[in-house]
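Lettered A, B, C and D in written order, each chain numbered from 1.
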Amino acid sequence: MSEIREIDIPVGATPQKISQMLENFEDVHGERMVVQMGPQHPATHGVLRVELETDGEMIMKATPHIGYLHRCFEKTCESMTWQQVVAYTDRLDYCSSANNNLGYVLACEKMFGIEVSERVQTIRVLVSELNRLASHFIAIGTYGLDIGAWTPFLYLIQEREHILDLFDRLCGGRLLLNYMRIGGLTHDLPDNWLKEVHEYLSYMEGKLDEVNSLLSYNKIFVERLANVAIISEDMCIKYGLTGPNLRGAGKKWDLRKNEPYCGYETYDFDIPVGDGEVGTIGDCWDRYIVRVKECEQSMRIIKQATERLEKMPGDDVLAAIPKSMTKVAPGEIYFRTEHPKGELGFYIVSNGKKFPWRLKCRAPSFSSLSVMSAVSPGLLIADMVALIGSIDIVLGEVDR
Amino acid sequence: MTIPEIFNILQEKFPEAELVLEENNPDPIIRAKCEAIADISLLLRDDPDFSFDSLMCLSGVETVEEFQTVYHLYSMLHNHKVTLRAGGTKEEELIVPTVSHIWPTADWHERESFDLFGIKYTDHPDPRRILLPDDWVGYPLRKDYEPQKTWHKIPLTAIDYKEEDNGDES
Amino acid sequence: MAGYFKDIWLGVSTVLIGMHITFKHWFKFKKAVTIQYPHEILEMNERTRAHLFNVADECAVCLQCARACPVDIIDMQGIRADKDEDLGLLPTGKPKRMHLIKFDIDFSKCVYCGLCVEVCDTKSLHWRAPVEPCTFTREEMYKSFATIPPDEVERLIAFDAERKVKKAEEMAAKKAAAAAAKAAKAAKAKAEAEAKPAEAGADAPKAAKSDVGEEKKETPAASDTPEKPGTPDSPDAPENTPKPEPDKS
Amino acid sequence: MTWLDLLIAVACVAGVLGFISVVALVAIWTERKISAHIHDRLGPMETGGFHGWAQTIADMVKLLQKEDIIPDAADKPLFKLAPYIVLSATIASFVVLPFGAHLIGTDLNIGIYYLVAISSLEVAGILMAGWASNNKWALFGGMRSASQMISFEIPIGLSLLIPIMIVGSLSMQDLVGAQAGGFWNWGVFSHLPFAMIAFIVYFWASLAEVNRTPFDLPEGESELVAGFHVEYSGMRFAMFFLAEFANMFLVAGVAVALFLGGWHAPFSFLEISAESNVILHNLVGFFWFASKGMVLLFIQQWLRWTLPRLRVDQLMHVCWKIFLPFSFVNVLIVSLWIVLTQS
């Protein structure tokens, strides 16, 4: 170990450079140890296995192995009707099912040329932003858990629980909503639901500050994350990292602004980006803090959406749902939406029958995870935990 | 830049690539010969007019006649998109040159497409299965796929617990 | 050196801030957010997807739910009532025409998506407490909602079989009649040989076809198992697009 | 040696053992309750009626009954031995802890020195457990634990030197006796602020010594699954568990004895003099000692449920670059102070 300490790894060195530097020391240290991190490991957020080649605690090479949760979503969908698939998209990223629903439903609507009313769109925006909030709470909370802080996790779970209660009132599901349909929604809003959303927003005021002072700006937490596992903007784009991971690297990129759908262009919100406040741009802390800041922006959108809905006259949310989908337009389409984890794309091929011919889900976590083996050389095992948490993967989506 | 414009430029640069523009689709698709895909991709990424710096999605598709690989490209710089398609008949294996050296994200997507469709990617740095176990037989997303009965003595067909006790697994 | 002391100061101060926050939470003893589960039970919301329940008397046995189910767990069987049998009215106001002799749900496979409840016109299939579907054996996960006693079921099945035989006989008779008619026609045509040979040829298949169509209409009512919606070899299976019910609230 | 001596010795051992178990059980219960209330929940509420007080007892009974699994490839003798070493080091350290004026196993004249030396034995047990499990995570845990404990021994030793220098004795009772008569006489308030700094350094370093957050790297569950005791189950795991919580009280007890007045009350009128009633005097002393220890225990747990965990290199940074310089400067200044005031 003593020789290893002498390598002065410069801040911001590319992983390639680090691995080169490490290669030179290989002979000195001789044998490497292979450690299997996962599939049953608390920090891998599910059933991910990472094969680590380590020298002491320093990682020389990391190979992620996925597929432990593979259930062939794409094959299953080929024997489901267009509307039934919605129930399956819930289970991709089980932390943000409304956003999955939205991605699929919008892709189908664009393909079949179905127009939905403004009210339906606003409700969709409201529900998916609430779910984004819930998903980010999980991401932030479990990240604290990875770093060793238990309490913020349970505080955030507590706030998330209120959102799930709202969902329960809305559509009966808490985690897996199955709320959207091609052309509409399953239920209209219940009585007083918008008022409850307003109450929730006022309840949440100041709660994120508490999380910030308890966790985000805690010296130990900052030390653990600053300058660790830097993923530059260029690398993010190359490896297909999107969403908060890309924004954490300093790129102002959000599909809600850049390729607006569902009328997102009419909402007033900002895109938070990582600015290297405590370390280098694109380190773990930046990716983390972007999520915290996004929560505030989501709350702004929710507030605007509720205000609009209160003014809007009620109409039938089921009106545009096609009565029969046995014969649809053939063709293929790729449509992407901004998911809490990144860019969720659905590539749909239809041959005009009642089942999708081919449905490919471009899962954000899948691409995000592929960057791991490029970033990890030179990290310590504890940093590896920080890296996995910071790119915020959900294995249900990686393995599909 | 619109897709027909891109198509015209590409056709000039790659006359032997058998480029076809499929227009009967919501978004037009440029179809190319398999062998030319890597060269076209390299040009699309590096040419400053195109600069398709991100590969949004890479998917294998099986149509009635053929296997295909479909590339959805996007340029963050110019905000334009293009879809490429490489296809080959079902009689022989579809072999496509890898683009993982051009967009590293293609690495895993190509592995997935190999895993589920059996499309081979030449020069791929890590041509293993990704989602399924290494010793799996068959390519599940093919339409004529027949699942194995057992895998390492694990029964792969659903067991109806009402009808029979889950006693023997042989 | 200044950085060194600043780091120490930051470390100490942020630790103290964190301790202050956790202490505040620790101190407000009574406000636990969790509930003591077996003693207090949360109330279900109106739309909560908790446990499926089917009221046999209100079920129209339309098989919509079985078709909508993405995991194919509703095992359902109905027998058409006799013509003059009175089974009461359905909640939709129409008379009930089918005996529900089997309605099993395998809850071990249920994904709680709610598609079956959405397509139910009569609202006989609905969500209901309790929310704890745990059992000790897998067999207990099968819940049966048909209320007809077994001997009655046997009688109905026998009755249905009898009816089928009768129908088949009728059909055979019809077919024979048709065949006879066809033969007669053919004979007639032969007799008129030169007049219009094409017309007779086109007529006969038409008659046969209409017979087949009638038989097909009958089958879904008495079919043993609902058609799996996913089977690709049934291209003209009835449409099973879930039709969500508008919310009445 | 007479029969009486033997009897007293046996009673002492039984008393210490019983006390350790009771302290550990209470500490585990308070840990659960404190964490629960910090998280806005209630924690165990069912077992035993009042706020689940019997939960830890039930857990202990459960752990005793559980199957003792030894991995096939483990180094079996070492694997079996390790928990005993850890637990016996802890128990042996309790012998010199002064719970009251006469409530002490034996008042060695090198008491504190003995305590520091014996409690270091624990490292051997943990290293043994990590190595013998034949599990890489356990090995990581054992190695981390060894490096961490040995490093933090130094700031601990240097901080403990301060009260020793001030009092001029290594005997625990002498150290406690010098702090009699109100809280302003306590070790932590003498030679302000240097003894205070020594106390703070000691308290933080002792957290590392007993593997508590933010220094719980040897068993950091999100990194090393469970660290050195990942392969242990049942009774042997219970021993580690017991030793850990007993150790928490041990380091708190040392802090109380050396810095916080030991078994003396904060105000002298709250004590009962030994002349009037020896038994009552001891009991009151025990009460004060235990309650001060419990307060420190509470702070340890409070910290655990507040802070994240450090990384290995940062841990060493904290030890060698922050605690050590501070302790050295502290020792230097206090010794100068003592030399100058005495001469």
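In this text, a contact is a pair of C-beta atoms (placed from the backbone, for glycine too) under 8 Å apart; a residue touches a chain by one contact, two chains touch by 3 or more.
Computed from a predicted structure; not experimentally measured.
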A student comparing A-C to A-D should find more C-beta pairs in contact for A-C
Note, CA centroid farthest from chain A's centroid sits on chain D
Chain B and chain C have mean C-alpha positions lying a whole-number Å distance apart equal to 37
Averaging C-alpha coordinates per chain, one finds the centres of chain B and chain D separated by a number of Å equal to 61
For the pair chain A and chain D, the C-alpha centroid-to-centroid distance in angstrom is 43
For chain A, residue numbers touching 2 or more other chains are 151, 155, 158, 214-215, 218, 220
By the touch definition above, chain B meets two or more other chains at residues none
Residue numbers in chain C touching two or more further chains are 15, 18, 21-22, 25, 33
In the complex, the residues of chain A that touch chain D are 33, 35, 41-43, 57, 144-151, 154-155, 158, 214-215, 218, 220-221, 223-224, 380-383, 385
Within the complex, chain B is touched by chain A residues 66-67, 70, 72, 74-75, 110-111, 237-240, 251, 253, 258, 331-334, 336, 343, 345, 347, 349, 357-358, 360, 362, 366-367, 369-371, 374, 399-400
In their shared complex, chain A is touched by residues of chain B numbered 24-27, 29, 53-57, 59, 61-63, 70, 72, 76, 79, 83, 103-105, 107-109, 112, 116, 129-133, 140-141, 145
Given the complex, residues on chain D that touch chain C span 34, 37-42, 45, 302-303, 305-307, 321-322
Contacts from chain C onto chain D in the complex sit at residues 4, 8, 15, 18-19, 21-23, 25-26, 28-29, 31-34, 36
